[in-house]
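Just below sit the structures, each encoded as structure tokens.
The two complexes that follow have chain A in common; it is paired with chain B in the first and with chain C in the second.
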Partner chain A sequence: MQNEHQPVLSVRNLKTNFFTDEGVVRAVDGASFDVHLGRTLGIVGESGCGKSVTALSILRIVPRPGRIVEGEILLRQETESGQSQEVALNSLGENSREMRSIRGAEIALVFQEPMTSLSPVHTIGNQIIGAARLHRQLSKQEARELVVELLGLVGIPRAETAVDSYPMQLSGGMRQRALIALALSCDPRILIADEPTTALDVTTQAQILDLLRSLQEQKGMAIMLITHDMGVIAEMADQVVVMYLGRVVEEGPVDTVFGESKHPYTQSLLRSIPSIHSTPKVQLPTITGTIPHPYNRPAGCPFHPRCPDVIPGVCDKHEPELHSVGDEHQVSCFLYHPVPETSP
Partner chain B sequence: MLAYFARRAVLAIFTLWAVSVLSFIIIQLPPGDFVDAYMAQLAVMETDVSEQQMEAMRRQYALDRPIHEQYLRWVGNMLQGHFGVSMLWKQSVRDVIGDRLAMTMAVSLGAVLLTWAIAVPIGIYSAVRQYSLGDYVFTFVGFIGLGVPNFLLALVLMYLGFYLFGANVGGLFSPEYQLEPWSWGKVRDLLYHLPLPAFVVALSGTAELIRVLRANLLDELRKPYVITARAMGLAEHRLILKFPVRVALNPFVSTIGYLLPYILSGSVIVSVVLSLPTVGPILLGSLIAQDMFLAGTIVLMLGSMTVIGTFLSDMLLMWIDPRIRLGMI
Partner chain C sequence: MENEQVLLEVKGLQKFFPIRKGFWQRVVGQVRAVDGIDFHVYKGETFGIVGESGCGKTTASRCIVRALQPTAGEIRFRTDDGAMIDIANLSRDELQPLRRQMQMIFQDPFSSLNPRMTLFDIIGEPLLVNGMANRGQRIERVEELLGLVGLRPEFLQRFPHAFSGGQRQRIGIARALALNPSLIVADEPVSALDVSVQAQILNLLLELQGRLGLTYLFVAHDLSVVKHICDRVAVMYVGRVVETAATQQLFESPQHPYTEALLSAVPQPDPSLRSQRIILEGEVADPADPPSGCYFHPRCRYAVDLCREQTPELEEVAPGHAVSCHRALELDLSGTLDAPVPQAMHS
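This part shows the complex of A and B:
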């Protein structure tokens, strides 16, 4: 059996850059986190902070001109002798056979747009059967039975007929369920859900989240949930990683991050959630300023131009690093750890 | 689905009728009628014809009947395969066109197949490897292909063929087979002559198709369903062929409607330059000479082919694209 405490996936100092004609965009700039079986890691941040690129990097399907330039992505696999070994995904070729045998089979992705994430000219069944047979030795008939079973499992009514329907014949919620069925078709150990509920209405959103949770209980898989919605994180995640401009600014267990948030960015994000106790008709606090343009990111701490607690002369000169501030709780901010002595 | 089919069919029949009326008007446009023209010809040959004879002839050809009756007769004859007489060739239109129709189809079908065979792989390559050296090379060659008029290319190739190889590249047959009846030797001779005109006719279409396919495919390659398929571990070439190419080819099915008349008419000017025995030069000649029955027949045929082709491509599109089959019919 795999060690409970050992992460199934470790991302260490991941850096993914996009080399465009206008300049280099550091979409992911030194992200580190661990994913554990049976637990949910929430990755939260504003649009454009590198959440999705992190997911694509793990699967090694970053679109050109993007490229992983640094860091390690370690997947823990069990060998036949029962020993566990680590595979460095970052060292595999993007289109190598090993990488393709991991994609979908070990790590599956549920993408953010249920409306366009399935081919419009193929039936649901065709697409899921194709994926299932890619990684499993199944006859067409067996694969079809599996897909009908999966569609039932994710809560699609009349799965026997739904299998032959086209995506456009299903509602948004049903399409997202079909996408989840597709992701589950090869029994992955890690499910990356990139904004799985963003395009859905609130009721459907709750249903999909419930579904993900019950699937996790049944299958014991690890879920990496990417969202901009703090509410979704609070409901789903065990661990939270807060990202800003491609960097991890704070990470820790969900209760700690919500209860004792340290980083000014996390604190501002939490303040801008409407609460049942907030006074009606009063504007929610917002984070001042906007996300800097990726071509011209600020020196020092990337958050300093918008930070309410900025220390002049420090935050705009030095780059903070993640430091422990408690049990499993890390934050990257000069308010909590000393400024490096030597100036860069 | 059946309602869609029925509505399309009714629409197609209505359009066919409109095309036939238009063709009939074209035939009627020159002043006078066939008998006048015939008389004029006889007069040139200094043969006298009496008024009575002319009247008898008019009656024989029903030219004294009201116009709508003439139209109905004409359509009736058409449906039975009688297309009238070409004044220019002094033969029935059917005899003039008949033989050439087969030649035209040979050249055009060859060109269409060549177009697709060249353009589809290159288009896919150019999109998948956007901005690669290969993409730039094909783009460059493609724009030259679009920019050079194909009759000019025909002239250049003919010159080169004659100058370098001493070969006469015009026509579809060697002189010794020109008037021979069909035989295996003649077929082989045709196949030997076919590639050059097919290539010339195909070139600009190929360049165009490459550009369109590249643009379509680039749109599709960015769609999330491609990422989904990639994230499932599908090999790159298989996923590209299965998903985005399949979607990107749909618009081409709708161009089959224009392919049919094109196959019939061939490329008029290229055919004239290469002296190909196709329908194209005949159409040109008949228009210049105001050979109304011949021109009208060809116009009617081209029009009908467009209508039939559009109908066929609509049906085909409905069959292969579920969005149309199930969508807002």
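This part shows the complex of A and C:
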């Protein structure tokens, strides 16, 4: 049995850059967080904050010209003798045997687009059978039985016939369920869900979130939920990581991040969402300006040009780092930690 | 509402799309995208149409601006000179003078602007088409419009690719305002934008409404946004309006089980409200082959035999609050405002 307090996956100071002709894009710029079994880590941020690239980096499927330039991704595995060991995924080759056996089997990914991430010319069943037989010793018949069971588990009605249907015969919600079944086919310990409900309607979204929660209860897996929707995060996550332009700006337990957020970005983001409970027809507090283009990333703290509490001469010169401000609560902002004396 | 003048009245609007099959393209069925809806919009208010994908909200809005020819029904619109005209069956030429009084804002700011046209061409085109031939006058008006939507007049000769999503949506709004319309039909105007930018556009829409006395027909799926901006709301399900009421009333005491489920499904940005959500079983009915009786009955947890057999009519249960449900008066449904008001967020 694994130590409950030990994270199953640790990401330390991850930096993933894209080396394009126009310049270097620092898509992920020093992200650190832990993922625990049986718990849900929510990664939230607006477009371009690097949340999806973080997921791709963990699975080592960053598309060219992107590359992990720094940092560690540590996966805790159990050896046959029952001892646990850490595997540094960042040092494995992208196409190495070890990485291929981890990808899909230990860490599975559910994509955003249920319309485009399934092959249109293969039946749902064949796609899942193919994935399952890659990682497990199963006969075709056994694999098919497993798939029927999985499709039932994710709530697809009439699973015996649904196995032989093509993706286009299913609705968006059913396709997302099929994708989740595909991800679960090898019993992963970590499920990364990248915007799993963004393309779905609210009532379908409620169904899928409910499904993810009950699957986690049954299987005890860790879920890394990536989304831009603060509502989904509040509903699902135990631990929250807020990202902005590739950097983690705030990290902590969900109640703390929503209740006592410290970083000006988190605070203004939460204030700018119209809520069912807020006063209608009043001007919403906004964040001035727009998200900078990744080529023109501001110096110092990337949020300083839009920040209401900017300290001139400090925020535009130095890059803040994550500092603890409470129980498991970390913020990277000069309002909460001293300014470095010497410039780096 | 102080001024209770009706600007737009929709009666029994239907839009069916034929399903064609085979070599001869025979019509084998109809998709009942909009299946007889009624509502009216007062001058100066924001009227929201909400519903999930496939409920017909976009088709309805397109019929109203006559981008689509409705199958049946009346669309009565109050023109600038005060007369109510049924525009559902007007010809192209007859519509021409009315078009400038109703304009559209689109969902996707990336595909709704021509990448080869400058801002001056994009925003000035409706002016040119409607007879403002003098270039100097057009430049003046476009600069004025850019200022109105919070863009700098120097942007006149730039192309859309130089702008972010939020700025592009502002350009789309400026184009819609160019001809001083009285009705703006906004189809999901903020759903493609980032959260921090979404708030800016919502503020702009509210501000413009206050300044120019605009009337909005606001089509959206995001209930929090609708709650924020709309005065009255119609909820659609499979081509029909199931409930219409003043926003506050709808959110406080929904009368239709679908509205109740829809409201409870919205995730709230507050972890203390991890609510007892109503998870609807099954899927949205197929508008090409709708179920018998009430279209919602296969998913409704309150359904009785009557719901399977008889189609409910939209009936008023309280002043300004109409519901199409057989059991509307006996059910006690919960709204979203019963939940405790979050303390942390807006302190």
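Everything below uses one rule, namely that the second predicted complex is superposed on the first by the 342 of 344 C-alpha atoms of A that agree within 3 Å, B and C clash if a C-alpha of one lies under 4 Å from a C-alpha of the other, contacts with A are read in each partner's own complex, and residues count from 1 in each chain.
Here is the rule we use: a residue touches a chain if its C-beta (ideal position, glycine included) is under 8 Å from a C-beta of that chain, and two chains touch if they have at least 3 such contacts.
What you are looking at is a predicted structure, and each value in this text was computed from that prediction instead of being measured.
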| item | value |
| --- | --- |
| First (chain B), second (chain C), both or neither touched by A:Val232 | second |
| First, second, both or neither for A:Leu284, with chain B first and chain C second | second |
| Which superposed partner A:Ser171 touches (first chain B, second chain C, both, neither) | second |
| Touching partner for A:Val249 - first (chain B), second (chain C), both, neither | neither |
| If touched residues of chain A are counted for chain B and for chain C, the larger one | C |
| First (chain B), second (chain C), both or neither touched by A:Val202 | second |
| Chain B versus chain C as contact partner of A:Pro274, first or second or both or neither | second |
| First, second, both or neither for A:Phe258, with chain B first and chain C second | second |
| Partner chain in contact with A:Pro120 - chain B first, chain C second, else both or neither | first |
| Footprint overlap on chain A, comparing chain B with chain C | none |
| Touching residues (chain side chain B, partner chain A) in the complex | 223-225, 227-236, 242-243, 246-247, 250, 320-323, 326-327 |
| In the complex with chain A, residue positions of chain C that touch it | 52-53, 164-167, 194-200, 202-203, 206-207, 221, 223-225, 227-230, 247-248, 251, 261-274, 277-280, 283-284, 336-337, 339, 341-342, 344-346 |
| Footprint of chain B on chain A - complex, ascending | 56, 59, 61, 95, 100-105, 108-109, 111-113, 116-123, 127, 130-131, 134-135, 166, 168-169, 179, 182-183, 185-186 |
| Parts of chain A lying in touch with chain C, wherever the complex brings them together | 46-47, 171-174, 201-207, 209-210, 228-235, 254-255, 258-260, 268-278, 280-281, 283-287, 290-291 |
